[in-house]
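Each of the next two complexes has chain A plus one other chain: chain B in the first, chain C in the second.
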Partner chain A sequence: MKIVAILKQVPDAEARLRDGADGVDLGGVTFVIDGMDEYGVEEALRLREGGADGEIVALALGPRRYEEAIRTALAMGVDRAIHVETDENLDPISQARVLASVIDGEGADLVFVGGKQADWDSSALGPAVAEALGWPHSDWTTRVEVRGGTLSVTHDADEGTEDLELPLPAVVTTQQGLNEPRYPTLPNIMKAKRKELRKSSLADAGGAEPFTRLLGQSLELRERRNVILTGDPSEAARELVRRLRDEAKVLAK
Partner chain B sequence: MILIVAEHSNGKLRKSALELAQAGRELARELDVEPVGLILGSGVQECASELARYLPRVRVVDDPALADIRADTWTTAITELAKDLPARVVFLSASRTGLSVGPRVAVRLGAPLLEDVTSLEVDGDSLAATRLAYLARVTERVRAGSLPAVVSVKPNVYALPAASETGSVEAAEISFGERDLRVTVGEKRKPAGGSVALEEASVVVSGGRGLGGAEGFATLVEPLAGLLGAGIAATRAVVDAGWRPYAEQVGQTGKTVAPELYLALGVSGAVQHLSGMNRSKVVVAINKDGDAPIFKAADYGIVGDVHKIVPELTEALREGKG
Partner chain C sequence: MIDFSLSDEQKQIRSLARQFAREVIAPQAARFDREESFPEEITARAAELGLLNVGIPGSAGGLGLSMIDEVVIGEELAWGCMGIYSILMASELGVTPILIGGNAEQHERFLGRLSRGGGLAAFALSEPDNGSDAAAMKTRADFDGDDVVLNGTKMWITNGGIADLTVVFATYAPEERHRGVVAVVVEKGAAGLSHQKIYGKLGQRAAHTAELVFDGVRVPRANVLGEPGDGFRIAMRTLDRTRIPVAAGSVGVARRALDEATSYAGERHAFGQPIFDFQAIQFKLADMKIGIETARLQTWYAAWLVDSGLPHTEASAIAKTYASDIAFDAANEALHVHGGYGYVDEYPVAKLLRDVKLNQIYEGTNEIQRVVIARGLRNR
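Right after this comes the complex of A and B.
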């Protein structure tokens, strides 16, 4: 069985974002492999450790800096990687076509991708890749089991969780709760340096036209009052009720 | 035309479906086209009639194959009806279902996707939308390159429409192929939710690991929420520990809420949690650690033990009311 884990590299969740001239200024920000994608890498490794033999390939589409995230996946235990390197800002729908063409060329049976990307807050990539491949998908997946040619999963739906059975090949979008991703060990970090990281371009995948265009971005968080109320518990609680009623006006008088 | 895919549950339209009807009606007026509602399911004639009170035309695919929500059947039904109309915009709710189906419809139609949008306007010969990014810390504007476009609309953004129509309901048939039916839905587990629907509550009382256990919710959160008529929310840490059902989780991988008042009790304020509640109008934090990041995201904070502060707060509110 060949498994592909799609990766993105995103700002660290704790990174301080600033407004820039054209959109968010990411200068000086630390980038990491998207935590959501790590669950997919981990799950692929666990499937193999559980007896599913075959290759695990990391696949990423993005600028040069993505290499670091790819190395993280290689150090976790992925066998080799493909990096479609581009500085173009492609939306998930046009990305899906490029990624699907690479996955198709690889002849993969199972694809993992994070359930929601921490940069665009998008959950479109998994379903879009599945559609571009003509495969079924499971979203927000918390349990994965391979039984012959069938994938048995548990996922979160709108009104609770449900079990699904999908024929392989299939796409699985991952989330917290699926597993606890491992940390790369030092020997594996060294080994990862010698693993294959193949570069490819949008042209190799037949080119890509963006479907949407970003017009602008701004950091827009609500101003908060940041008032700390002190005094003994009873006084502080009373003061809070008074402020909520008279100042913030969110309690009926 | 505009195709509005309305979700329903237990024989009734979901609130987000009505919001979608409102968003669709507004856009249809601007584009000077007709809004057409779509109901997919099995035994859903009543939902279709309900939707016809909000939209001039409703199409309904009533088919046992649609008894379970499956991305494959929904994608085929929506795409075929969108082509048949033809639709210039396909509207879905940015629910888990809509977020799962929308990208597939976009790929199959070769159309742009505007995902999880909070506002939408006509921009020349296409649409521009506002949406959130970077764990909801950034607001961005995105333009669809062309129409038709697929748009998923964030729940709780649009007002509810007036039931001012007496629309027509037309049955539509879709012949599903083997490929549409390849996924089987097995056991479903619905969580026992709180008494007030979280996304619809104007006050939310949220608890974190600082409550110490399920009992902390029972003795501190539930009485306070009951008094305020509030919805109950929890952090991922709490849900993972099994203290509260998953349906109450707020944050990156849970629900997004934006009530008038959000009370965070024993919640540290991790970015992933904040992204699900940082659009709330007023935020209150009670935490024993004065350095907890939740205080930076709060309007009012009390540094102290929830076991001491929350009963006093509940008492003060009860007196204030009496």
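Right after this comes the complex of A and C.
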């Protein structure tokens, strides 16, 4: 069985982002492998440790700096990696087409990808890859089991969880709760340097025509209101409860 | 050629150490400090990840990391807890004399064992009555046929008694002072070896510090590093190197102090504004930053000298002294920025100050370092 784990590189959760002259200023930001994608890498490793034979390939589509995230996956235990290097800003649907063409070329049986992407919060990539490949998919998955040619999964649905069975090949989108990703060990970091990291381009993957065009980016800043309730304590308490209920909507009516 | 960039691999190593410090060490640091207990699980986990004894060469089954790698890791781990980092650092300190003075057979027998088993090493030089004046040591080594017999007491030994291997420095000819010192490897559980854990330390309370008592401990002569008489030189060459990780750890503590102080200064308000907006606070934070950046440069420089096989005694003395002094100041100012809250254990800054005080003392006091630096000036 060949497993492909798609991954992105995103700003560290503790990074301080700022609006810059041309979109979001990423200077001085530490980048890490997207935590959601890391669950996919981990799950692929666990499937193999659980007895599934075969190869695990990390696949990334993005700028040169993604290499660090790819190395993390290699150090975690992935066998080799493919990096479709581009600085172009592609929407999830066009990304999915490029990724699908690589996955198709690899003859993969199972694809893992994060349930959503931490940087621009899209949940579209996984389903779009499945669509482009014409494969079934399970989203927001919290349990994965391979039984012969079928996949048994548990995933989140609107009002609880569902157990599904789907034939391979398939796409699984991952999320918190699926597993606890391992740290790449130091010996594996050293070994990772000798693993294959194949560079490829959009042209190799048959080119990509973005469906949407990016005009600009800016960050949504949460501003404090800086309201201080003064006066009679019981009045102030009533006012606080009213604001929590009617404005912040964190208390039930 | 000057190049301050880290390789991709070094960035990965740093990011692993950072993540381990942030997710595993830091959340537990206060507990081990309070309980004064040994973080067994964290140490085992560090060993599993390959963060323990990183200097053991590939020929003995280790990773053979460079000194630059080691200081990059050290800064990150000490950010999480200086006391816990000291456990790993002291093990590296125990490994180093074997690296420097040991032959191929000893490398395989001792270092191979550590890299396979994940055990700790220790370094036993100081005694109850002498530290900086190491040549005044009283612990005896007597040669008896194929054995060396040790009698005496070693003091302030990190990992003392719990380490798989301890490099012990003892004298077989006290009148010859430093020329009469032998370095010998003693294995855990040797008959006549006992230890007493030292309680009541001001800081670094997660690290196990002990008094080691040698009562007729007999080890084969094959455990002697180099020749009898090489012991003192081996000890000094070891410390010339291992002071650099002390500097790295100090930079880590200073960075943590700045992180804590900056974050608190942004939250705490006085006179209608965050205290960060007062220049009195800004100057403190800026001074911490100046100390961190310059101490790191000197630390990396000293590490680079080691990796390049160049003389590094002076550079490592400067790095250790300067980094531990700026780190002490940073922790002190960070505590001050926190006001009353800095004086209690609710915030981690009081512990930073308690922990980092030791960095000015161990592996050669900062006074001894200044003596070393000044000695170089006199000879010019």
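Side notes on the structure shown:
The rule is short, and it goes like this: the second predicted complex is superposed on the first by the 223 of 253 C-alpha atoms of A that agree within 3 Å, B and C clash if a C-alpha of one lies under 4 Å from a C-alpha of the other, contacts with A are read in each partner's own complex, and residues count from 1 in each chain.
The definition used in the following text is that a residue touches a chain if its C-beta (ideal position, glycine included) is under 8 Å from a C-beta of that chain, and two chains touch if they have at least 3 such contacts.
Owing to the predicted nature of the structure, the values given are computational and were not obtained by experimental measurement.
Looking at the shared chain after the overlay, A:P11 reaches chain B, while chain C stays out of its contact range. After overlaying the two complexes on the shared chain, residue contacts for A:L45 are found with neither chain B nor chain C.
Touch criterion met: A:R245 reaches chain B, while chain C stays clear of it.
Within the superposed three-chain model, A:I228 lies in touch with chain B and out of touch with chain C [touch as defined at top]. Shared-chain residue A:L99: touches no atom of chain B or chain C.
When the two structures are aligned on the shared chain, A:A237 is found in touch with chain B, with no touch to chain C. Comparing chain B with chain C, the partner in contact with more residues of chain A is B. Put simply, chain A uses no single residue to touch chain B in one complex and chain C in the other. Residues of chain A that touch chain B in their complex: 11, 13-14, 17, 23-24, 91-93, 96-97, 115-116, 118-128, 130-132, 134, 136-140, 156-167, 175-177, 209-222, 224-230, 233-234, 236-238, 240-241, 243-245, 248, 250-251.
Within the complex, the chain C residues that touch chain A are 8-9, 11-13, 15-16, 19-20, 48-51, 54, 63, 65.
Listed in rising order, the residues of chain A touching chain C in the complex are 32, 67-68, 71-72, 75, 183-187, 189-190, 192-193.
Of all residues in chain B, only 7, 9, 69, 71-72, 75, 95-97, 99-104, 106-108, 111-116, 128, 131-145, 179, 182-191, 203, 236, 240, 246-247, 252-253, 260-261, 270-272, 275, 278-279, 281-284, 290, 295-304, 308-309, 312-313, 315-317, 320 touch chain A in the complex they form.
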